[in-house]
Amino acid sequence: MKWILVALLSVVAFGGLFFSARPFKAMDTTGTPKVSHIPAQLLLTGSSTVAPLAAEIGKKFEKEHPGIRVDVQTGGSSRGIADTRRGLSDIGMVSRPLHEDEADLFAFTIAQDGISMILHKDNPIERLSRTDVGNIYTGRLTNWKALGGRDAPIIVVNKAEGRSTLELFTAFLKISNRDIQADVVIGDNAQGIKTVAGNVNAIGYVSVGAAKYEAAVGIRIKPIPISETVTTIKTSHQQNFLLARPLNLVTKIPPEGMVSAFIDFARSSRMIPIIEEQQFVPVTK
Amino acid sequence: MYSALVNKKEWFSTLVVWMAAALVTAAFLWLLGDIIRYGFGQLSWQFLTTPPRNAGREGGIGPILVSTGLILFVCLVVAIPIGLGTAILLAEFTTEEKNFGRLIRRSLDVLAGVPSIVFGLFGSAFFCNILGFGFSILSGGLTLACMVLPILIRSTEVGLRSVPSDYRLSAAALGLSPIATLRQILLPAAIPGLLVGLILGSGRAIAETAALIFTSGYVDRMPTSFLDSGRALSIHIFDLSMNIPGGNKTAYSSALVLMVLILLMNGITSWLAMRWQQARISLV
Amino acid sequence: MSPSQSETLTLWALRGVASIAGTVVLFIIAFLFLEALPALKEIGPFRFFNDASWHPTDGDFNLAPMLLGTLLATLGALALATPLGILSAVFIHYYASPTLGRVYRRLIGLLAGIPSVVYGFWALVVLVPIIGRIHPPGPSLCAGVLILALMILPTIALLADASLTRVPPQTLQGAAALGLSRWSIITGIALPAAKAGLATSIILATGRALGETMALLMVSGNVVQIPLTLFDPIRTLTANIALEMAYAMGNHRSALFVSGLVLMAIIAALVLFSERFSKGEMSV
């Protein structure tokens, strides 16, 4: 008897949760929740690089607009684009320039992120040329001795396919990802930093802000300058990085109302300290 | 001669068993030691109760603890009844349900191997979008419930199956109905298995990252309902260690808190089960 | 309600919950299949094993090296964790004092709940540099096997422990009275009596190992290649999904779902194989 009860209760509980939950979200005909029906919530989804920054900006925005909730969800740039297109989110976060086939979206750059080469702190090499880096990554240079370093194999750390930093990096070296002879492939910046910090002979490339921050707090890495560096942004405290990528907010329609207010807020000069606190470079207008 | 050989074998096997245990303990103490060493410094009452600041580098984990608890609650409320019921069916109605049982068992074994990230993508498509729960504690809990079912069912079933068949036969001989047998004899016997399932399952649930990031989400505000998005502790650790430069310290502390929580949970489940079993025995 | 009526009702209720548990995996497979369909249509299933390499943004989609990586990492981890896990359970039951056994069991329960990201994080900072000093580069199949073994050990140990608990003490006492040595009782009587539970523990651990994502992503190097030595980096199917899903569009994204399907196929094959293998043993 008791077990019939338990079983029934579980079914009721399951169903109860289900139905009590439904009326909270307005449904459109396709069965997907329409975010726009909940006026007090602003939903951002997308790049994990932008998410911490957007969340901090969101907290400040909530303070100035009582009654508004800014929810930030991660999942990657491609998710940001897909969700924005399908109307699942109000604003998408994308940590790269938009591709040609994404021209239907409206992009607003809120900050820049630079990329820097990093070596282990104990590596005697202090500077590399663009050609050196190209030779290392394509497997033509495999020992640090050839560059005046120790007699030790070079451990090449590369980024995974599809990441915008990889695209920028290969474009900068004028090589194809096929030619890269990697020993380790990484995902996020922190993994790259920990991998290089753990191996005296490793070389990698990561976000410049993250590299500088970690080097400053004693992690055993050093960002190194590349001669013949293409700098697209110059600020007093963020030099010697290779390339920059924009951190974008994207919308499906021209922003209006609360969406527009949030984007303007994020791009205002008051956000500069917050952007710098998250180790990114503010956009100089 | 013979006994010397036996003694030698006995001595050697004892050595092997103790060494295996020592090896496992050493590996784990190494890992635990590092977490305690790096995580203990920041730990305080304030850390446990205040919200995170500066993307988690500073501040505490108050709202995150609450979200984690709520996600686990949803997960267990859904998974325990389904799991227990299925385990009883699989273990006790073998003859009646031979083909159905085999089908269920097969599908559960496959479910056990689904990568957590696939659960995440599935949960996001099914619970968040199709059922319309959005990024919420409810979606996260339901996704986790799907995930822990195989482990919960399997270990409960193992517990039930290892009840000697004499018990069932004598119960039948005494004229107890199958349901009475279930209640009086089999359920108490299922407790150790269920307990292991709960420890493994809730351990896996509370430690889950990939399945939650797409379902319960990233928002670190204090949740006010099951439909709010809430960041779980494991996602917080993941974000701090992989995505936030300078997040290592608070990542270690959060990991330490998570481990203490698991220890507490294991302790409470064991204690409850022990009391329950004792109460049963004293009734008999 | 007459006993037979209530019995029928119970049976149907149990069937109901079991059906819920059994259909979850069907939903997941259907979901994977729908997402994978564009790639299967446009690229065709064969190219996933015949293409020159894995460069999805350039239109090359060979999954075979990653499939091999997944299998090698899983087999390696099982080879380490199975003996250690079972010996751990034996230690708790037949070697350690009751207090030591309880402490040891608690320790392993704790390990079951450490998030994979913490395992990965620790291995990346501590284990990988050590391996790198022995044989560069460090992130490798070897690191993946070691950390994976550590992660699945609790599953094997706790389930083996639960099934040893259920071996009737009279059997063991009888054997001891016959003058059998401790080791002979364990290998001759206790372990065979618990073999269904042991088999289950290994199946569940295999599932966990096949599906593990974050820790392997962090320590195994992620280079898509066929490893020639234990120290070569590998990429597993799960790591591939986690690494690239967030940035994948179109066919690339769809191809990642194909790798999810491939993983499910391996698991399904494993389940069918283990069913055949353990036929008779499971139906105690």
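Lettered A, B and C in written order, each chain numbered from 1.
In this text, a contact is a pair of C-beta atoms (placed from the backbone, for glycine too) under 8 Å apart; a residue touches a chain by one contact, two chains touch by 3 or more.
Bear in mind that the values here come from a model prediction, so they are computed numbers and not experimental data.
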Moving only from a chain to one it touches, give the least number of moves from chain B to chain C.
-> 1
Which pairing of chains accounts for the highest number of C-beta contacts?
-> B-C
How many angstrom lie between the CA centroids of chain B and chain C, rounded to a whole number?
-> 15
Any idea how many Å lie between the Cα centroids of chain A and chain C?
-> 31
By residue number and range, which residues of chain A touch two or more other chains?
-> 1, 3, 7, 10, 48, 75, 187, 191
Residue numbers in chain C touching 2 or more other chains?
-> 6, 10, 13-14, 16-17, 121, 242, 245
For chain B, residue numbers touching 2 or more other chains are 81-82, 85, 88, 179, 241-242
Inside the complex, what are the residues of chain B that reach chain C?
-> 6, 9-10, 13-14, 16-18, 20-21, 23-25, 27-28, 30-32, 34-35, 81-83, 85-86, 88-90, 93-94, 96-97, 100-104, 106-119, 121-122, 125-126, 146, 149-151, 153-155, 157-159, 161-165, 177-179, 189, 192-193, 195-196, 199-200, 202-204, 206-210, 234, 237-238, 241-242, 251, 255, 258-259, 262-263, 265-267
Taking the complex as given, what residues does chain A use to touch chain B?
-> 1-3, 6-7, 9-10, 13-14, 17-18, 21-22, 24-25, 27, 31-33, 43, 48-49, 51-53, 55-56, 69, 71-75, 88, 187-191, 193, 207, 209-210, 213-214, 217, 277-279
Within their complex, chain C touches chain A through residues 1, 6, 9-10, 13-14, 16-17, 53-58, 121, 124-125, 128-129, 132, 136-139, 217-218, 221-224, 233, 235, 242-249, 252-253
Which residues, counting only chain C, touch chain B once they are in their complex?
-> 3, 6-7, 10-11, 13-28, 31-32, 35, 83-84, 87-88, 90-91, 94-96, 104, 106-119, 121-122, 126, 150, 153-155, 157-159, 161-163, 165-168, 181-184, 186, 194, 196-197, 200, 203-204, 206-208, 210-214, 237-238, 241-242, 245, 260, 263-264, 266-268, 270-272, 274-275, 283-284
Residues of chain A defined as touching chain C within the complex | 1, 3-4, 7-8, 10-11, 47-48, 75-79, 81, 152-153, 155, 160-164, 176-178, 182-187, 191, 194-195, 198-199, 201-202
